[in-house]
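Same chain, two partners: chain A is paired with chain B first, then with chain C.
Let's look at the complex of A and B:
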């Protein structure tokens, strides 16, 4: 169980976390928010890299796995040696290290590169190595900061199935701004903006925020829109241009369409 | 349990030094190839054994302390300025033991070198081991602290090079108080202990203090 209570953390005049409260039980949590919303600061506070000026973080476990946004490794070491380095840092008993390393390397599909130097790996492979070190040692809390950045579609799918495989009795927090990354795997989503917890709920809870707020209408009506609205997309069909608009007001000229999780996220973020 | 912890630490150090790649061997090459070669050149020039003894004493002071900087900065580079720094700080809150073990490992190289010189030149350089120890530790600790404060390894390295050049060239009396290298062979134990004990205490203080700064992101 991980509880953040009224956490505030500032950098000069910017409040990266602003009275942020959240509770994480076992399961996979998606931390969604735009760039600069405080996701990374929150993760750094959880793993002890930063301490909040106000508020508290209650955590009943010490074993944390972490994948930072920027992950690199010593280029002269092989994949196996790098994993051994992290296994030693994580104080995994020497007798278990080999099995643990091979298991995690296999999970991220790097077994055939185990003897390769890190310097010879592609960016996506280094990212996978980062994922492997984060899950090594069976940590109770795993924090992934933008884990899928740089992964190809096949590896993204593999990452999602990896999460399903390891999720038992764990709290996994994935920070991202890519909504599609979290919708199929997360038990709950936390939307963070300007350092605040905007909303927390299941995928269907988030989707329901956008219900009856998504409209498809002719582009020429765009100038007539009033109130709080957001143009989500522009599409062309049969030589006509349309826009998809999120609006809290009913738009008579438009057709109401089904909301997806992205619409719910945008509505929560834009206060629509 | 304690032994296991130290074995863990030694394996971490082994991987850290391995992670340096080819850079690892530079101090070893200087200590065991370049320095003996310079001594050989002195012999070849026709220096007397006493002159060789003195010249080697000066060269040992020039090379041995300086290369303590090498493994400290390049070995622990990732902890200071690398992309992996953030992650390493999560798993490792202090580097004090690992760094000290690296220092001890480096100083063992110096001891071996002094032993070889004792056998070859028949002069006992171990009489001045305290001086070499303090000078080496000072370079090691100051370079580490500057790198931690500036989160950069290039500047402490350049500072070390500049200070080394200064020490080699500054023989003016009023500059000697900041010159760590001794241009004379000390004649008594007090000559060895007095000026260097202060440097040693300050270096230990700086080392411990910079380790506490290390924990900050």
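Let's look at the complex of A and C:
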């Protein structure tokens, strides 16, 4: 169980976390928010890299795995040596280290690179190495800060299956601004904006925020729109231009379409 | 973690290669100095050479430490590492530990080499081994910790270009290349900027161009320990601040402790103590004394009273702290004049009952104003002379130097190149107790079963310690310098016998034969030789300072000088010798 209570963290005049409160139980949580919304600051606070000025973080475990947004490794070390370095830091007993390293390396599909120097790995491979070090030692809380950035589609799929494999009795928090990444794997989603917890709920809860607020309409009606709305997309069909609009008001000229999680996220974010 | 960081250290070329270069240079210097030793047979020169590369070590350790800590940042692995429980603390401490292996290795190898040199020299003064250990530990090991901690701090707190600029500035200020700054500023502003310079520079052994005093050893006075420990503890304080120590109580203890140690040592450094300060030339008086005597006139005035006995309690650690009680021959005088070297600050002067007496201090001269019935004067003073040192390392206080209040006014320096031995005409009873960790020697008799307590009647109560040992035989009372040095051989019975033989041959005075058996024979140290005693030979009423001559002609000359001093007195002999040498030069 991880509870953040009224956490505030500022950098100069900017409040990266602004009275942020949230509760995480076992499961996979997606942390959604635009760039600069406070996702990374929140993760850094959880793992102790930063201390909130106000509020508290209650955590009933000490073992936290963390993949930072920018992860690199010492180029002169091999994949195995890097993992060994982390295994020692995590105080994994020496007798278990080898098995643990090989297991995690296998999970991220780097077994054939185990003896390669980190300097020879591609960006995506280094990212996978970062994922491996984060999950090593079976931490109770795992924080992934934009884990899929730089991964190819096949590896993204592999990452999702990895999460399903390791999720038992764990709290996994994935920070991202790519909505599609979280919808298939997250049990719950937290939407964060300007350092505040905007909304927290399951995928269907978030999706339902967009229900009856998504409309497809001819582009020529755009200028007639009133109230709080957001043009999500523009599409062309049969030489005609359409827009997909999120609006809190019913649009008579448009056709109401089914909302997806992205629509819910945008509605929550734009307060529609 | 240490093992993992050690592996990382060996695998990272930018860190590893400079260290290898440093170690090769350091070991190469130790090996090459063995060759020099085979020529000069001087163990102290070898020790001096061993610490010659401390600046290079400082530069490379600073760079290596910075790069090692910056590596975590540069590789973007720092967040992943520091996010673990006590991650930052463990990474920082283990990396510092790995880096500490470098000065430790330098220290160990230098100690082993010096130990072998010590054994091969055939010396039997084992206190010299402690000296080797302390000098190497101070400059090589402790001195090596400072750049490591500097590197940690800069890598964590400043950008790369700023860090390199600051490190270069520190290295420049620490090294002697920046000597022109305090020199120039002091001349222009008339403010002494050297103290500010020393505050950084004394973390390195930057006095290596000075000649060596074999009774003193290398310069490792307490205030230098204070300075180095101050910097280490201050940087450790910053280091612990950087560490993410979760236990606030532990962090508070560590921070308070390091701050306390640094404050204590800072106070210790500014408290100072006896240290050697050289002059413009090798054989000139110290620069501060030169400046003092150009502005303060010296006097010559015989005393109109005598001190019948001196009771002296001396404490010699950082400097000389003395309490001297003098019983006076004449109780009703208006003034009592004494000469006491100006480096000793008079703290209090009282009579027999402890009542404060009025006195006047002008440079080397103290005039105590009588109270009509003054039987005893008690003077408390403390300080040091930069040439006739008195500290934990060594002590060189010949009886002809005003380290105690000598009745009358005398000139301490003749010209500006040497300190004049004061010729004292009357013998007095002395009772001296020295509180010191070191063994002291004197021309006075040592009280049995009491360490460093001396009693007797003499004109020249001489005290000395350092690398001296008694080399006395049944016939002669000899104190010789134990450290083997270039052109420095230990005086012994055989040598004194040879000098005595020449004296017997040359001595025409049948009524007052010069017999060295009746004297305490002390081997002259380099400071006395070059700054106090002409030709390094002085004949007092019961003390002889003498150097070891190696060839027969010089031995004969030693005998001639001793006889001349007996017949003419020291000062007249020096006057004649100077005139003779000038006329030889003119011819």
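Everything that follows uses one rule, which is that the second predicted complex is superposed on the first by the 272 of 272 C-alpha atoms of A that agree within 3 Å, B and C clash if a C-alpha of one lies under 4 Å from a C-alpha of the other, contacts with A are read in each partner's own complex, and residues count from 1 in each chain.
Rule of thumb we're sticking to: a residue touches a chain if its C-beta (ideal position, glycine included) is under 8 Å from a C-beta of that chain, and two chains touch if they have at least 3 such contacts.
All values derive from a computational prediction rather than experimental measurement.
Engineer: Should chain B and chain C be called a clash or a fit once both complexes are overlaid on chain A?
Structural biologist: clash
Engineer: Answer with first, second, both or neither: which of chain B and chain C does A:74 touch in the superposed model?
Structural biologist: After superposing on A, A:74 lies in contact with both chain B and chain C.
Engineer: Check the residue A:90 against both partner chains and state whether it touches chain B (first), chain C (second), both, or neither.
Structural biologist: both
Engineer: Which partner chains sit in contact with A:244 here, chain B, chain C, both or neither? Use first/second/both/neither.
Structural biologist: A:244 contacts neither chain B nor chain C.
Engineer: Quick one: classify A:64 as touching chain B (first), chain C (second), both or neither.
Structural biologist: A:64 contacts both chain B and chain C.
Engineer: For A:50, select first, second, both or neither according to whether it touches chain B, chain C, the two together, or no partner.
Structural biologist: A:50: touches chain B, not chain C.
Engineer: Overlap the chain B and chain C contact sets on chain A and report the shared residues.
Structural biologist: 44, 47-49, 64, 66-68, 70-77, 81, 84-86, 88-90, 130, 133
Engineer: Under the definition above, what is the set of chain A residues touching chain C in their complex?
Structural biologist: 44, 47-49, 62-64, 66-68, 70-77, 81, 84-86, 88-90, 130, 133-134
Engineer: Can you list the chain A residues touching chain B in their complex?
Structural biologist: Residue positions touching the partner: 44, 47-50, 64, 66-68, 70-77, 81, 84-86, 88-91, 94, 130, 133.
Engineer: Applying the document's contact rule, which stretches of chain C touch chain A when the two form their complex?
Structural biologist: Residues 1, 3-4, 7-8, 11-13, 71, 75-77, 79-85, 87, 90-91, 244, 246.
Engineer: In the complex of these two chains, what residues of chain B are touching chain A?
Structural biologist: Interface residues on the chain B side: 4, 7-8, 11-12, 15-16, 18-21, 78, 82-84, 86-92, 217.
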